[in-house]
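Going in written order, the chains are labelled A, B, C, D and E, and every chain counts its residues from 1.
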Amino acid sequence: MTHLALMTQHLDQIFVLTSHWLLSYLPIALQPLCSAILSVAAIIIAFATLFALTTLLERKGLGRMQNRYGPNRVGPCGLFQPLADGVKSLTKEDIVPIRADRAVHFMAPVLLVAASFMGYAVLPIGRNMVMVDMNAGVLFFFAIGSLMELAVFMAGWSSRSKYSLLGAMRAIAQMISYEVPLVLASVVVLMQAGSLSTVAIVNMQATYSGIWPHWFVFTPWGFAGFALFMIAATAESNRSPFDLPEGESEIIAGYYTEYSGFKFALFFLGEYIGMFATSGMAITLFLGGWSAPFSFLTWIPSYFWFFAKLLTIISVFIWIRGTLPRLRMDQLMNLAWQFMLPMTLLNLLTTGIWHFMLPGFLRWIVCSTMVIVPCILLGSGLKYKKKFQIRTYHFSQ
Amino acid sequence: MDEKLKTELSKQGIFTTSLQELYNWGRTSSIWPLNFGLACCAIEMIATTMARYDLARFGAEVFRPSPRQADLMIVAGTVTKKMAPQVVRLYNQMPEPKYVISMGACAISGGPFKQGYNVLKGIDRYIPVDIYIPGCPPRPEALIDAFMELQKKIDAQQLTGENRPRHLNADEPSEFIVPQFGEHDLEPTRNSSIWEPPLVQIAQTGSDESGSH
Amino acid sequence: MVGEGILKGLAETARNFFGSYVSKDRLTTVQYPEQREPQIEATRDFPFLVYDGADWQQGMRCVACQICEKECPPKCIFIEKSKDKKPDAFGKMQIYPATFNIDISVCMSCQICVEVCPFDAIKMDVEYHQSSDDRFGALLLNKQRLSKSNEYYNAIHPTEASAVDAQRAEELAKLEAKAKAAAEVKAAAEAKAAADANPALNASPQQPAGDPQ
Amino acid sequence: MNLEAIKSEIEANVPGCRLELIANPSPSGQHSLLLDAEHASAVALYLRDTPNLRFDFCSNITGIDWPGKEVSQKIKVRKLVDGVEQEVEETRITTIPGSLEVVYHLYSVEKKHGPIVLRMRTKDRDAGVHLPSFTPIWRSAELQEREIFDLFGVLFDGHPDLRRLLMWDEFQDYPMRRDYVDPDDYEYEPTAHDAVLQRARQHLSQANPVQPSEGEAR
Amino acid sequence: MSTATLAAASLNLEPANESGMDQLLEIAMGPQHPSTHGVFRMNVVLDGERVVRLKPVFGYLHRNHEKIAENETYLGSMPYTDRLDYMCPLTNNWAYALAVEKLAGIQVPERAEYLRVITGELTRLQNHTCLIGFLMQDMGASGTPLMYAFRQREIILDLFEALTGARMMCNYMRFGGCRVDLPAGWLDQAKKVVAGFPRFLDEYESLLVSNEILMDRTQDVGVLSKELAISAGISGPMARASGVDYDIRKVDHYSIYDRFAFRVPLGSHGDVYDRFMIRLLEMRESVNILQQAMRDIPEGPIVDPKTKIRGFRPKPGEAYGRIEGPKGELGFYLVSDGSPNPYRYRVRPPSLINLTILEDLCLGRNVADIVVILGSIDIVMGEVDR
C-alpha cells in the first residue's frame, strides 16, 4: 500500500520532481532564473497546446450541436487542423493599414498575449505547481487582467478604422464594467479564506469531510459567487453571449478588423489564453483548484483535476456559444450595474452572515434565502421593468 | 529529397517533409473564406457550410467577415457594375496568398444576366480567378468539388522557379485597378493586364444564317 | 423566472449534441466526396445531346433546327447548320449541326431548350463536376463533349427516357408501316409499270444505323 | 367596384379635374383612369380619404416609356385625279408624340377592394418630364418613384429625396427607356447570335477596325 | 503596404466632421457586411452607438431583370423570376404565371392549382425557417438556429428537386399550369416531411421563443405602427405583425385558397418579436394548408392544353397579378403589345417596398438593433434591386 501511495505521490509531483532534478545539475546561482524559465516554458507550451485543442474542440463541438461533423479531414479526425491554421497564419502577409499607428498596431497583440499569460504566474495548476506563490496573488491576477483592456483598446485605436474603434469602445466599456462584479464576486472567497494567496485558498478547499470536499462552491454564497464570477468572466473574456466587441454581425470583427496574418492569430490566442486564465481563477477560487472532487479520488494526479475542471468550463462556454444570441450594449451594461453589482454586494453580506453564524442547518437556510430571494426578485424586477414577456397572438377571422 | 527515398523512409516510420510541403499543407488545410455573398449562389454557398454538406470538414467554415483575415474569396453571384469596384477593393484588401473562386454563371461571365446594362460580364475582367464553377447556381457538391480542386492546385504549387505562384513573384501585382464609376459604364471596362479574351471569332461572312431567324 | 428560456435553449442544443452520436436525423452530413446523396431522378444540370447507337456523329438526334438556340433565355447555345445532310433515326435525310456549342459559363439550367426541342435531341445532364481553372477552354462545350448516348440518358433519367424511347419507337413503327404501305403501293405500281421497263428508283427510306430497340 | 362610377364621383368632388377612362382590352379587365398632372394629388387624396373608397394602400408604381412614333395610315380619300374624282389611297404619316407614363395600382386595406389603376403621362420625353409625387400621400411611393426617376427619368415634383435608386449617382442615362443604348462591353461571346451577335460584331468593328483575317471556325 | 490606402478609402475613415465639434461618426455598413443579407448598404450616422441618420443605398444587385425580360419571350422570363427572390423561387413563378394568365385569360386546371398551393406553401415554410435562422445569426447566435433551419430546408429542397429538377431555380410553373406532374412516391414523401414539420417547429420554438436574451433584443425594437405600415405599402408578415389584417390569400381569393381552412395570425405590437412570432405561427398555418391540399389533390391534367409553349403572344393589354408571397405582396405588372415579348414587365418587389420605412424604424436605436430590424424585415437583395 505504501508503495502504491508513494507511486501516486510521485506521479502527482512528477513535473516538480523533474524540474528539481534538472535544476540540480545547474549552479546554485543560476537555479532561480532557470527555474523561472523552465516554468514559463512549461506553461506556455501547455496552454498553447490547450489553445490549439480548444479551437478544435470548439469547432467540432459546435459542429455536433449543429448536426454536422466539424473539421475531420486534416490529420486523423481533424487533429492537425489547428496546426494547419497556425502554419497558414504564420505565412500570411501581414498588412498594416497605411494610416495606422505602426508601433501601437504592433504592440497591441503582443501586449494582449503577454498580459494574458502573466496571469498564470499565480495559478496553482497542481499540488506544489505554482510559479510564484505570491501573498497577493489574487490581486496580482486582476491587476494583470486589466492590462488586456489596454491591449484591446490599443488595437482598436491604432487601426484607424471605424469598426475597430467601435469595437474597442465597446470592449473598454464592457470589460471595465464587468471588472467590478468579477472582483467583488471573488472577494467573498478572500473573506472566507482570509488570504490573498491562491495557494492558501486552494489548500483550504483541498480538505474533505467524509468523501465531500470543502469547495467554496458548495456553500450558498460560494455558489452564487461562482455563478456571478462565471457570468462576469464570460463578459471579461468576450465570449458569447457577451461577444459584443467582436460582434461579427454588427461591427465586422471589432477591434481586430484590420489585423491579418499572425497578429490576428495572436489576438485569437490572447483571447483564449485569457479565457483559460479567468476560468482557472474561477477553479482556484470556487472549485477547489487542483483538488479531487471526492476524497477517494485523490490518487489521481492533481494537475489532471485542474485540467479536467478547466475543460469542463470550456465546454460550457462552447455550449453557451452554440446556443445563445448576443446581448446589446445597453442590456449588457444594465446587467452589469443593475443585476451583477447588487447581487455581488449582497453576496458579500451573505458571506459575512455565514461566517458569523454557527454551522448547521439554519445557516444554510438563512444564507440560501439571502441569495435566492434577491436573485429572483431582482431578475423578475428587471423583467418587469423591461416588460418583456411571452406573448399570445390572435387570428383574424 | 526525391520521392523514392521519401517513401522508403516513411516505410521505416520516418516521416520527412520539406518546407514547401509544410507551407502548401498549411495553406490547403486552412482556407478561410471571406464572408461575402452577392446573390443566389451565396445561398448555395451558405448551404455548403450547413449541416448537410459541411464545408467545415475541410477546415473552411471559418467565414471571416473582414477581408484582412480571409484567404479565399468566393465570388458567389452576379457582380453588377455598381458592385465591381467594391469586389476589387475587397480583393485588394486581402493578404497574400489569396485565392478566388468564381462561383456560378454570373460571376464567370455575367451568366443569364449578361445582357443587362448594369451587369459585369465576368469578375475575371478585374481580378485573377483560380477556379471557375459553372452552374446557376452550382450545387453545394460542385462548390466542394471546386474547393478540392483549389486545394489540389495549391498543393501543386512550387515555391521557386518559373511557375511559382503569383504571390511569390515580386514582379506580379497583388493589387488591381479599382474601376471607377463613369457616366455610362465603368472606367476602365476591364483590366487588360489580366484579362485578355481569345480573339472573338465571329463569322464575318455567312453570318446571316446564324444571325437572322 | 429569469433564465428559464435560456436553459430551455441550452437543453435543445445539448439534445442535438448528444443526438448527433446516436441519431441519423441529428447528424445530417453527407461526407461529400466519399459519400453521395442518392441521385434524384429529376435532377438537372447542364444540357447534353442524345445520340442513338454507338457512334455519336452518326446517331445524333439533333437536326440543327435552331429552336433551342432561339428559345434559350440567356442565349448560350450556338448552332451552325451543316451544308450536307445525313439520315436521322427515322431515316429521313436531315441536316445536322456542324457546330453545336453550349457555353455552360452562361447556361442557367432552365431546361427550356429541352421543352421546346421537337426531336428529343437535347436533354438535361446530372453531371456537375465541371469546375475548372480554364475559363475559355473548359467551359465551352462543343458537340463532341455534349454528345452522350441514349443508354446514358436511360441511366440518369430512366422514367423520362423510357417514355421518350417508347414514343420514338411508336413513331418509327408508324413510319415503317407507312413506308411499307408506300412500298407496297409502289411495288404494285412498279408491277403495273413493268411493261414500261423504266428503271424504278429505290425510294424506300434508308434504315438508320443506331436505332433504339 | 365600377370604375365609371368612381370616375363620375371623383369628377363631381374634385373640381376641375380631367379624367379619362382608358379601357384595357385584355381579359384581365383592369381598366384605368388617366389623371391630369395638375389635379392628380387632389384626386389621389380623394381616393385615399373618402370613406367609401379608402384606397389607402398604394401597391405598385410602374413607369412605362412610350417613345414617339410615326404611324403611317392608309386612308382612302376622294380626290380629283386628272379631272376625275376617284377614290385614291393615300399614306398619311402622323407622329404620335412620346411620353413617359406612370401607372399606380391602388388597393384598400380597410375595405379590402381594388385594384384601381391610375395613370399619368408626361408631356414629352425631354423637358416636360415632370409629374406630381405621390409620396406625401402614400409613403410607399418613396422608393418606387425614385426607381422610376432612376430608370426612366421622370421628375417627381414634391418628392422629398429624389436621387438615383439603383444606378450610381454619376450615371447619366435612363436605362429603361426604349432608346437606351447599352454600353459596349461585349468583348467575348463564344455563343453570340441574334442581338448579342450584332452587338459583339459592332464591338469588334470598333475595337479592331481592321477586319480580322478569316479565322478558324470557333 | 499600399493595400491600406484602399482599405482607408473603403472604410471612409474621415470622421463626419473634422472640426471635432460634433461627435457624429459616419459609417458605411455594406455593401459587404455580414448581416446585410447580400449586397445592401446603409450609410449610418452614429452618435456614440445611437443612430441619428440612416440612408439605405440600393442597386448593388441591380441586374436589370425588367429590361432583360422586355427582350425575352414570356416563357423565357420564367427562369429569371426564380432568381428574383432566390429564397422562394416557386412563389415567384406563381406570381408571374398568375399575371400572364390574367393577361391572356388562361384557365388553370384544378390539379395544377393544388400543385401550386403545395409547392407555394412549402416555399413559405422554407423561407420563414431560413429567415428566422438568419435573424438569429444577425443577433449573434453562432449559426445554430440557422443550421437547424437549413437542415429543414434541405429536406424541403429535396422535395423540390425531386419534383422540378433543381434545388433552388425550379422554373416549375407554366402559363396555365405546371411543367411536370408529381413523380411516383413524391406525395408520400412530402406528407412525411410536412407531418414532421410541427415537431421541428416545437424544437425551434423551445430553442428560441422564450429565450430572455432574444426577447430583450427584439421586444419593442423597431416598432412599426399600423398606419405607417399601410401607408408605406408594407405587406406580408411584416404588415400583419403590425396588426394590418391583410392577407392576399384571403382578400383576393386567388387560386384555390378559399377551399382551405387556415387562420391569419396578427401581431399587436409591430416590433421585431412580433414579426418573428408571426412567421412562426404562419408556418403552422402553412402546415395546415399543406395537409389539406395533399389530402384533397385530385387527378387530372396539370396544364391548360390550349396554351402554347412556343410562340405565345397575348393580345394587347395589361394586367397586374399578385400573390401573397412569403415576403409580402409579390406582384407582376405586364403590358403586352401583341408581340412575343412583353412591352413592359414590372415586378412589385415586396422586399424593396418593405424597406421604405427602414430609417424610421432604426432612428434612435443602436447599431446592434439595425441588423436585427433589417433581419426582421426579411429582404432578399435579388428582389430588392432586381
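The rule is short, and it goes like this: a residue touches a chain if its C-beta (ideal position, glycine included) is under 8 Å from a C-beta of that chain, and two chains touch if they have at least 3 such contacts.
What you see is a predicted model, and the numbers here were worked out from it, not measured in a lab.
Asks: If each hop has to land on a touching chain, what is the smallest number of hops from chain A to chain D?
Replies: Tracing touching chains, the least step count from chain A to chain D comes to 2.
Asks: Starting at chain B, how many touch steps does it take at minimum to reach chain E?
Replies: Between chain B and chain E, the shortest chain-hopping route counts 1.
Asks: Which of the chain pairs holds the record for C-beta pairs in contact?
Replies: A-E
Asks: Could you name the chain whose Cα mean is nearest to the mean of all protein Cα atoms here?
Replies: Centre-most chain by C-alpha means: E.
Asks: State the chain with the largest centre-to-centre distance from chain E, centres being mean CA positions.
Replies: When every chain centre is compared against chain E, the largest gap points to A.
Asks: How many Å are there between the centre of chain B and the centre of chain D, using C-alpha atoms for each centre?
Replies: About 42 Å separates the centre of chain B from that of chain D.
Asks: Roughly how many whole angstrom separate the Cα centroids of chain B and chain C?
Replies: Taking the mean C-alpha position of each chain, the two centres sit 31 Å apart.
Asks: Compute the distance, rounded to whole Å, between the mean C-alpha positions of chain C and chain D.
Replies: 43
Asks: Can you list the chain C residues in contact with two or more other chains?
Replies: Residues 2-3, 6, 9, 12-13, 16, 28-29, 31, 70, 73, 75, 78, 103, 106, 108-110, 136 of chain C each touch two or more of the other chains.
Asks: Taking each residue of chain D in turn, which ones touch at least two of the other chains?
Replies: Chain D, residues with two or more chain partners: 166-168, 175, 188, 192-196, 217-218.
Asks: Can you list the residues of chain A that touch 2 or more other chains?
Replies: Answer for chain A, listing residues that touch two or more other chains: 65-69, 93, 95, 248, 252, 258, 322-324, 383.
Asks: Can you tell me which positions in chain A touch chain E when the two form their complex?
Replies: Result: residues 62, 65-68, 93, 95-100, 160-163, 165-166, 170, 240-241, 243-244, 247-252, 258, 321-331, 383, 386-391, 393-396 of chain A touch chain E.
Asks: Once bound in the complex, which stretches of chain A touch chain B?
Replies: Within the complex, chain A touches chain B at residues 59, 63, 66-74, 78, 80-81, 83-95, 248, 252-253, 256-261, 264.
Asks: State the interface residues of chain D toward chain B in the complex, per the touch definition above.
Replies: 166-173, 175, 180, 182-189, 192-198, 200-201, 203-204, 211-212, 214-218
Asks: Can you name the residues of chain A that touch chain C in the complex?
Replies: For this pair, the touching residues of chain A are 61, 64-69, 319-320, 322-324, 376, 379-380, 382-383.
Asks: Which residues of chain B touch chain A once you look at their complex with the stated criterion?
Replies: Counting only chain B, the residues touching chain A are 22-23, 25-30, 35, 50-52, 54, 56-59, 61, 64-66, 68-69, 71, 93, 95-97, 167, 174.
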